[in-house]
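What follows is a group of structures, each given as structure tokens.
What follows is subunit A paired twice: with subunit B in the first complex and subunit C in the second.
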Partner chain A sequence: MSKDKLQYDVIVVGAGMAGSTAAAIAAREGLNVAVIERGVKPGSKNYFGGALYTHALVDIYPDFFDRKPPLERPVTETGFWFLSDDGLVKATVQGGVVNSDPIDAYVALRAEFDPWWAEQAVAEGAFIIPKTLVEDFLYEDGKVVGVKTDRPEGDVYAPVVIVCEGVNNLLTQKLGLIDHDLKISKTALAVKQMISIPAKDINARLGLPDNNHGMAISVMGDVSMGLAGLGFLYTAKGALSLGVGVTLDALQESGIKPYELLQRYLEHPAIAPLIKDGQMMEYGAHLIPEGGWTTMPRLYTDGVLVAGDAASMVNALHWEGTNMAITAGKQAGLTAVEAHKKGDFSAKSLSTYQDKLSDLFVLQDMKQYRKFSAFLKNHPQFMDIYPTFINDALGMFFTGFGKPKRKLYKDILRSLTSRRPLFKAIGDIIAFGRSIIGI
Partner chain B sequence: MIHLLVSVKQVPDTTNIRIDPETGSMIRKGVPAILNPYDAHAVASAAEWKKKLGGKLTVVTMGPPAAEEALQECIEMGADRAVLVSDRAFAGSDTLATSYVLAEAIRKIDQEDHVDMVFFGKQAIDGDTAQVGPGVAIRLGLPLVTYAVEIQDINEEEGYALIIRKTESGKEIIKTKLPAALTAEKAIADIPYAALPDLITSLKYKPEVWSAQEPVAYDVAQIGLEGSPTMVAKSGSPEAHEPAETISVEENGLAGAVETALGKMLSNTSVAALLEDQQ
Partner chain C sequence: MDKNKQKRELPQVYIDDMLGSLKYFTDEQELHLAIIDPAVCQACEDQPCIQFCPVGAYRAQDGRTVQIAVQSCVECGTCRVLCPYLNISWKNPRGGFGVSYKFG
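And now, the complex of A and B:
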């Protein structure tokens, strides 16, 4: 057995979207990169709704689509569904801007996509070490010079470590880049089922012309039982992915079990027919860091950069996460390359990573949406009152036959004001606006 | 120097297997392929003895190119050499054809470098036949110890091994001359957690790939579909069992509950037929 120490130019912790991207970028520039992944293979610990966003993918590989990526369906229809306890209003958009070439978003399965994404990094020259957990860092003169894994003779050295460890960011905490563990008010638990349904039935039930059309839907209202959270629906080729995400503190305070939420969603009269006679293929759950700016660690220190979920890079309203991870992973990879050129791995040298992200949507959006998670928690009426009102209002408007319409409008208004006084409703809308504009 | 050999198989992870309700066949898409767990324990045992005695450990498998991963896992556990017998001509081989392919491969390896013991897992978790190990042993004329739970000794100098095997009524200690073959239970050895340098070595390892012509020229009549007399007439999922009925002792009293239970059993036609046979 070799007694030489294991030495690389860059160590990446975690082969998720951020990690495999950072590795690809650094390896492409000729650096010797090791990616250490705790799962049996890349993707085996990863999970999402979900859709991937084209802009980020083609930014890393301009010939992305020629590489035959394992994608399910393009998202040709997207938007909101508002659920009341027995009704549904759909506000979705198709065609027009959505019908871009290529389409802006694709439904994918992480268990298939992540190994493929990691293979692209391997093709660039990165080396992936699976089945190995990084437990801590190696220090010299107080600076990180590598990582300690859980295997015998498991020390690995590199002058820069890119931490893409995911939502449960124990290493980031160990470095003191953030002073607290996950906050239950800022972390959502999403549970989902993949339900196998013949593609032709999916197309018929959702009004999709063929297998090259698909949907990404955010579901608001009855789905979260009044808790701060949202549901979703995505179309794979021969399966529907349906799930609900709610914050951990809401689950704790309400005592509602995640599987109860999901079961209730799947039994909703507007949802159940979509999955009739389907076979459950997969049942899974994952934590989502929704604190954004408020739970973001410092992104760098001597010899270390942090990217992806570990750095709370998620935009809960716009369902962005993987694209932020890819974009941040790329910038981390580029920063590592520059540090090698300079021969300087100090925090000061690596701070250009943060500057790069500040020039991009990643940090700009996180800053802008910094109040959104608090807004959601403080305005549960968006989860029950308003979706129900939208159902009632539209339902009444379109069935007000033979009624004086002045009375109809009064009734519609009353269906709102009986639940929420008008001035408060206006206040809520202003608060929503402020939370997304960031003032 | 001892030379141990383990024959392994890459299998779909049957812990989460699904059957297509329309075709009755297994859905392989999205099911991860793993090293057959019994084989993994056999490799672990062979690696322990190689380490203890000093010597060499070779692994061999027949399978598609992707089976390379299973062989890398064997290297990770301490194997020195891995041979992947892989050719489209082998596709569709049943246990008879597979045992022929593996036996000839092992015979070839043995000619180059004498093999003292051949290990198998007791069965593969996908087919559960437990036929390939015994089939290879017979073709090679090796004494066979099935369901081995412990190797007490391998004595190369005097040419014997002491192996404990599990039987339905207990355990047997078998002394066999070498060379010999065994099929392993999981108890034979624990799977080691490899040191990081060993894992890295295994990830970079490329097994030797043998075709149907080179270095062994296989008889085409004995391989693939042609060499496989087994026919699968039908496969599917068994019907779920009826849930057991609960007879409450609180409601019926102990004697009443027993009486009710016995009455229900005796009225069951299959139980009654069984009792008839006993008498």
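And now, the complex of A and C:
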């Protein structure tokens, strides 16, 4: 062994939510941690809706808000918007449970938040190595003992490597922790535009009292043109983020160009006025691993732990992912600390990582929602028929047309049954319930 | 209610106009994407990569020869997963290169 061998206690691959969290936790316990990030800085490859969940952030840094994190707006109104081809029903909630202290979720921009989140890990003692790609692992006696990077003489050693490489989990595949690449029926492509609009116009257009109020909205219906997928809308301080995500198999079958689907959403008569005179600041695209439990790799092997998108830790219905990544990153960090105390980095020793996640919402939810991605694929009517029906039904209920109410109710029912027989609609509701309860 | 009205069509989008909003550090020495066997693309009937790539990096030259504008790639991975013939060699760009989101 050469004496200038680059040796750490822990290597973390990727400085996203999972990676920088794992690094902070391990460094806090005195371990020597290197985080290897392929972007010019943390966050430069990351792209989401999106909102971060306070519970996960505060769990890592109890004084999180005192640290002046770069957040956009708190999510003070959230819920669904149902789009028909020219109408909109809003089913959102504000106040009440949503008005918690602190607020449950904050809109953030990853290119601003991730570098800050990584800085907190650096303050704990972690070392960030940016602009460096991990290409492969280093093995001794068949066990991972480090990583090979694309730097000259770029081998870095550590007895445990925490892989937080993101959705394109090629390293995880290389380790054989999962025996296939991403599945097209269980992966969504999301495309998004961030559109700059003066804060006062955002507030006026969305009915927000001031810049300290914001929205996280899931948009169903016309936005996905009947494909398995959803739209979204998030409020930054002086910008709106609007995007649409559809599963890859649906995209393939439809022949639709993703950016045309997005543009069509932006031109919807209920959406276009929100972004009028806005300036497009950034367009981007990212995959989302929506298979959850069904596409989760093995989470550990000798000298390796996997966390975040790389481990398919996403809840597609509840728009959760970053919180799972943070929570899993923390548990991976703690597991690395324990392994160092034991001096045992075998798969058996590291398997406590999975036990920890099983006791938490991460694996419990992934198991419970394991049928959800299949449900979406098999029930496209939730993307098409039902959002339109909700628009028609509410519209008819609140407009008279001068006809007797008995006739009105019949018309409402017919606007459903003309699209989907009643018994099938009831079956769809039951199937939805089963998919989220997990039976 | 007018049930006979036309469904809204897909608008035409010039993707190059949208790519102007993206920041890249272009690797002048190495390309991280490549077509493994150009003949396979020539014979591919639908050439769906031209449709599904979210930045329109795949274009057909002279009718059927698929070419990749690698510098436009945002490293999403869609092409690797959706190519029906798994005919795309997909790697991450070298450290420090490729897309660099300004907002994310």
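Methods note: the second predicted complex is superposed on the first by the 435 of 439 C-alpha atoms of A that agree within 3 Å, B and C clash if a C-alpha of one lies under 4 Å from a C-alpha of the other, contacts with A are read in each partner's own complex, and residues count from 1 in each chain.
Here is the rule we use: a residue touches a chain if its C-beta (ideal position, glycine included) is under 8 Å from a C-beta of that chain, and two chains touch if they have at least 3 such contacts.
Computed from a predicted model, the values in this text were never measured in an experiment.
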*Would you mind checking whether subunit B and subunit C clash or fit side by side on subunit A after the superposition?*
fit
*asked:* Quick one: is A:L230 in contact with subunit B, with subunit C, with both, or with neither? Answer first, second, both or neither.
replied: neither
*Should A:L6 be classified as contacting the first partner (subunit B), the second (subunit C), both, or neither?*
first
*asked:* Output check: A:L251 vs subunit B and subunit C. Expected answer is one of first, second, both, neither. What do you get?
replied: second
_Tell me the contact category for A:E112 with respect to subunit B and subunit C: first, second, both or neither._
both
*Of the partners subunit B and subunit C, which touch A:Y259 in the superposed model: first, second, both, neither?*
second
*So, A:I25: does it touch subunit B (first), subunit C (second), both, or neither?*
neither
*More subunit A residues touched by subunit B or by subunit C?*
C
*Of the partners subunit B and subunit C, which touch A:R151 in the superposed model: first, second, both, neither?*
both
*Have a look at where A:D85 lands relative to subunit B and subunit C in the superposition and call it first, second, both or neither.*
second
*Using only C-alpha atoms, work out how near subunit B sits to subunit C after the chain A superposition, in angstrom.*
5
*Intersection of the subunit A residues that touch subunit B with those that touch subunit C*: 40, 44, 109, 111-112, 131-132, 149, 151, 281
*asked:* Give the list of subunit A residues in touch with subunit B in this complex.
replied: 1-2, 6, 40-41, 44, 109, 111-112, 127-129, 131-132, 149, 151-156, 279, 281
*Touch list for subunit C against partner subunit A, complex*: 1, 5, 7-13, 15, 18-19, 21-22, 25, 48, 51-52, 54-56, 74-78, 80-82, 90, 92-96, 98-104
*Considering the complex alone, what residue numbers of subunit A touch subunit C?*
38-40, 43-48, 85-86, 109-114, 130-133, 149-151, 167-168, 170, 181-182, 184, 187, 189, 191, 193-194, 222, 225, 236, 239, 248, 251-252, 255-261, 263-264, 267-268, 280-287, 392, 395
*subunit B residues touching subunit A - in the complex, by the definition given at the top*: 18, 21, 30, 32, 193-200, 203
